[in-house]
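What follows are several structures.
Common to both upcoming complexes is chain A, partnered first by chain B, then by chain C.
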Partner chain A sequence: MEQEKARTRLFIWLWTAFVVVLLYLPIACGALASLSKGRYFAFPIRAFTSEWWEKTLDSIEIGMIVQTSLLVAALVTVISVVVAFFGALAFARYDWKGRRLFQKIVILPIFFPQPVLGLALLLWFSAVGIQTSWLTAVFAHLVWIVPVVTLVIAIQVYSFDPSLEEAAFDLGATRWQVMREVTLPILWPGIWSGALFAFLLSWGNFPLSLYTAGADSTVPKWLYSKMVAGYTPMVPALGTMSTLGAASALLLGGLVLWLLRRRAAA
Partner chain B sequence: MAQTSLSHPAAPVSLEAAPALPTKRDALLSLGARCSLPVIVLLAVGFVAPLIAIFAYSFAKPRTFEVFRSFTLVNYAEIFNVNNTVWLSFLWSLGFAFATCALLAVIAYPIAYGLNRVFGKWSSLVSILFVFPLFVSENVRLYGWVLFFIKNGVLDGTLKMLGFEGGPQVLYQPPMILAGMLYVYLPFMLFPMTLGLAMVPRDLIDAARDLGANRWQIWREVELPLAMPGILIGMLLTFVLGIGAVAEAKILGGQSVIVISHDIFIGALTLAVFSRLDLDRLLGRR
Partner chain C sequence: MTQEAAPKLPILQLVGVRKTFNDFVAVEKIDLDVIEGEFLTIVGPSGSGKTTLLRMLAGMDQPSEGNITLHGERINEVPPNKRPTCLVFQSLALFPHKSVGDNIEFPLKVRGVDAKTRKARALELMRVVRLPESYHSKNVMKCSGGERQRVALARALAYDPEVLFFDEPLSAIDYKLKKVLEKELKDLHKETGKTFIYITHSLEEAMVMSDRIGVMRAGRLVQVGTPEQIYNHPVDRFVSEFVGEVNVIEVKKGEEGAPWRGIDVPGAFHVRPPEEDAEADHAFVVIRPEYLRFLGAGDTAQNSLKGMVYNEYSLGSRIQYQVRVGEKVMLVELSRSKALPIAADRSVTVGWDAADAITVRA
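Take a look at the complex of A and B:
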């Protein structure tokens, strides 16, 4: 029995490790391709070079695309956190008549394939007569990201004891004071994870940007256009940089989250 | 199975009514409803309206963008054309989606189990490892696979170096498409499944063991039914996303009718599954 249990545990560890390796293998392949000399990728790599990384960093075109991507992600983060914060309160905190229905409506966009959603939005914009640009991409990202962030914050809201708010009200605090002194501090870890999710999901989003960014390009969209036609090793170079950027954002965000949790626990 | 797990007495979720604070506006809308307004407005303009636009588009002249300006039923007549290949491709996408969903359930289950029971203090690190690829756009990751399998790529090159014939040319074949879908949708199966397995109380399993149940019985009678809500959501997500992966090509081919039927199918399926699940319980208990 015990031996069997140990075997199961070993199997689970090995299986998980195997899947993780598969998960990161293509990312590693991209990094390799970006470091190899020569215009076309061939393995094993004969000579390494940082030439393509330098070229990517120097490119003015790529600089502008990165700027657009950052701008889109920043706007999406701010707006989605504000909207989703109230959405999460309605989702998990307050008991109101339409809550069950609201929960289902919020979840529905997550279940819609993003390319379909992007195309539907493109049609909608063209029907209404809105010129697509990075601003419409922000809107498209919001439609998909706000529900995700709502769920992330809602999970924090569930672990929140409503009697704390009630106590503050009984002690004579105004609604604004309760919000600032009780609700927000308790929910900070959830809000912060929501913001992190919003930023990173928007930064890496491809299908929605493809259809709704119009003439403007984000990093994933630019990469796609070059993959289809006109490959240079700058493609894996920028892809790897973007991945590393997301990883450091995640690391930094995780650190802040850890500090917030620790302060909340103290 | 889902039914049994749902009728299982839920732990009391402390969601008492918000303190009724008599203000002037309370008469108009409850506090919760007011909080939900921004999300509702966003989804009305950004989700419902575009779907209506697609619906309107299905009545527009084929291969034009004259939405709301022309009216024709040609698109609908086209579906019933016997020579139309859309049904075949719909069957293909259905098959792909089924396969993705079933295989992912098998692939993700041991990992979800490990995250709950085996990894202990490592489980947050392991879950971060599985979340992170979601933040790298899928085209970058799939392109990495192309570099791996391409002629003179990582696999081919390694095999040649070792003196073999060279790797098989598998790119752009149906099995590869399936592998790509498995790769992209894995997290969507894993995380709901993990939430679901977290809902299985340990004592219940211990009790079952004390009563003499063997491992298979415990899994079949206790663990699986109680974890079912999460597993169902994961299966639904991967199935729906898998089916949608093929849909986008259709609308560009002037066959938005197919997309609508997809959408209606997806919407109905999602709502049907969720009407049987208690989201509060799934998300609230950690």
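Take a look at the complex of A and C:
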């Protein structure tokens, strides 16, 4: 019995280690490649240098690309959270005629293959005569990200007892006071998770940006184009930085969520 | 019954109030005067429209037909936040992200009362509902069921409504605590002098607390009256059965002057004509188990039935017997001290006088 338990535990440990290695080894390789002295992408690495990291940090081009990516992600976050917040209320709370259809239509874009969605949007932009740029990329990201954020917030809305709003209204609050005092504070963790999703999904999105950002480049788009032509270890350097940035955003977001939950439980 | 010192005016009036959801009638043509300061309880089985009625009174739903007036003014479309009424929900609807104090202060906060006054008022109300002062900063979700009940009550009182509605607030609370809270609510009603309208499934609860009771069935308000009226003068079989376990015998009027004939139990019975309709020739005789007795040798009663005891239960100080009479089961309840030894063959004669039974129209 004891022996069997020990064996099970060993197996669980091995499996976990395997999954962790599988998931994180490639990222570690990328980080290593960015520290290689050689110009070309080859293992084993013979000599290490921080040269490429410095070059990456100094590059004006990369600075602009990071700025564009940040701008796109920030705009997408703000717009998608606002749209998804009301969408989630309509999705999960209020009973109205077209609700079921609305639920399906909202979810559908999540399952479109993104390159197809990107191509379709590109064709549509050119048909309507809109010049593609980072602004059109924002729009494209929204088409895919708003549904995701709607779902994330809707989960929180489902666990929200609507009689709380009725009670607040009954106790003399105006519609706006109900929103500010009851609805928003209770949905806050959901909204925050949604924002985190929006930011990270936009930050890392490649296929939609490739088709719809026009001449503007984002971090994933730049990584791809340099991979195709003109590779230097700046590619893995920026890739690693981008991953680290996303990870710290995630950590920060998680910390805020944890604080929100703790305050709610205090 | 004591006479009221001054005649009280209706605070709320319902005239022909009806509520439909699509084709479904949830509340049908209700006329009701709610007297200022009274404790009115609405009872009825699940789905009879009690909550729907209350939501219309609180302003959360609007009647499909009819009028609701408050102090003589029509309020059908006045939203809940503009009515001097407040509803305590079955779920209590306490704000989970606010402390006990912030919950209670909520109606004052949205009205723009300053923090210091708010806190003073909250502490005052917490005393009224018997919550310790230290609970002011406690998380409501960490309060027990009874404490939450009190928070909800204090919050409603902070709104200072003229009429308070309660939608089965005690249904999820264990029996003993329920008794305590019922009593506190009744006391609170006396202290505040406000009008209380209370919904419950349980007539027992209603009997304890109410000045008047309204019985609902399938959207209709079947009877409104004092607990005594409901208990002793139910208008129909439904009300009489709702009040508690009863024996019901269906009867038809016999020839002029002759006794009534039993339909589901063979026999001839002395029956008082139904109060509601003295001319009726088809009625139900309702006899509460405690009004039935076993007839020993030499005992007499106006009505009697022969039967067989097949079960007996102890109800503490009382014993309930189940007696099979033909196809029917009759319940007889005797206090322990009056219980007779049952004969070896378990046969008994059950008797009652016409005055102990209630007759309701069929």
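As a convention for this text, the second predicted complex is superposed on the first by the 250 of 266 C-alpha atoms of A that agree within 3 Å, B and C clash if a C-alpha of one lies under 4 Å from a C-alpha of the other, contacts with A are read in each partner's own complex, and residues count from 1 in each chain.
Methods note: contacts are C-beta pairs under 8 Å (C-beta built on N, C-alpha and C of every residue); 3 or more make two chains touch, one makes a residue touch a chain.
Here the structure is a predicted model, which means the values were calculated and not measured.
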Examine A:G190 and indicate which partner it touches, taking first as chain B and second as chain C; both and neither are also allowed.
neither
Based on the superposed arrangement, let me know which partner A:V182 touches: chain B (first), chain C (second), both, or neither?
second
Have a look at where A:F11 lands relative to chain B and chain C in the superposition and call it first, second, both or neither.
first
In the superposition, chain B vs chain C on chain A residues touched
B
For A:V116, decide between first (touching chain B), second (touching chain C), both and neither.
first
Considering only the touch criterion stated at the top, classify A:P233 as touching first (chain B), second (chain C), both, or neither.
neither
Let me test your reading of the model: by the given contact rule, A:A167 touches which partner, first (chain B), second (chain C), both or neither?
second
Which partner chains sit in contact with A:L23 here, chain B, chain C, both or neither? Use first/second/both/neither.
first
Hey, what residues of chain A end up touching chain B and chain C alike?
161, 166, 169
The chain A residues in contact with chain C across the complex are 161, 163-164, 166-174, 177, 181-182, 185-186, 264-266
Touching chain A in the complex, chain B uses residues 13-19, 21, 30-33, 35-40, 42-43, 46-47, 49-51, 53-54, 56-57, 65, 67-68, 107, 110-111, 113-114, 118-119, 126, 128-130, 132-145, 147-148, 150, 152-154, 156-158, 161, 183, 186, 236-237, 240-241, 243-245, 247-248, 251-252, 259, 262-263, 266-267, 270-271, 274-275, 279-280, 283-284, 286
Of all residues in chain C, those that touch chain A in their complex
58-60, 79-81, 85-87, 89, 91, 93, 95-97, 106-107, 109-111, 139, 141, 155-156, 158-159
Name, in rising order, each residue of chain A that touches chain B in their complex.
9, 11-13, 15-16, 19-20, 22-30, 32-33, 41-44, 82-84, 86-87, 89-99, 102-113, 115-117, 119-121, 123-124, 126-127, 139-140, 142-143, 146-147, 150-151, 154-155, 158-159, 161-162, 165-166, 169, 175, 200-201, 203-207, 219-220, 223-224, 227, 235-236, 239, 242-243, 246-247, 250, 254
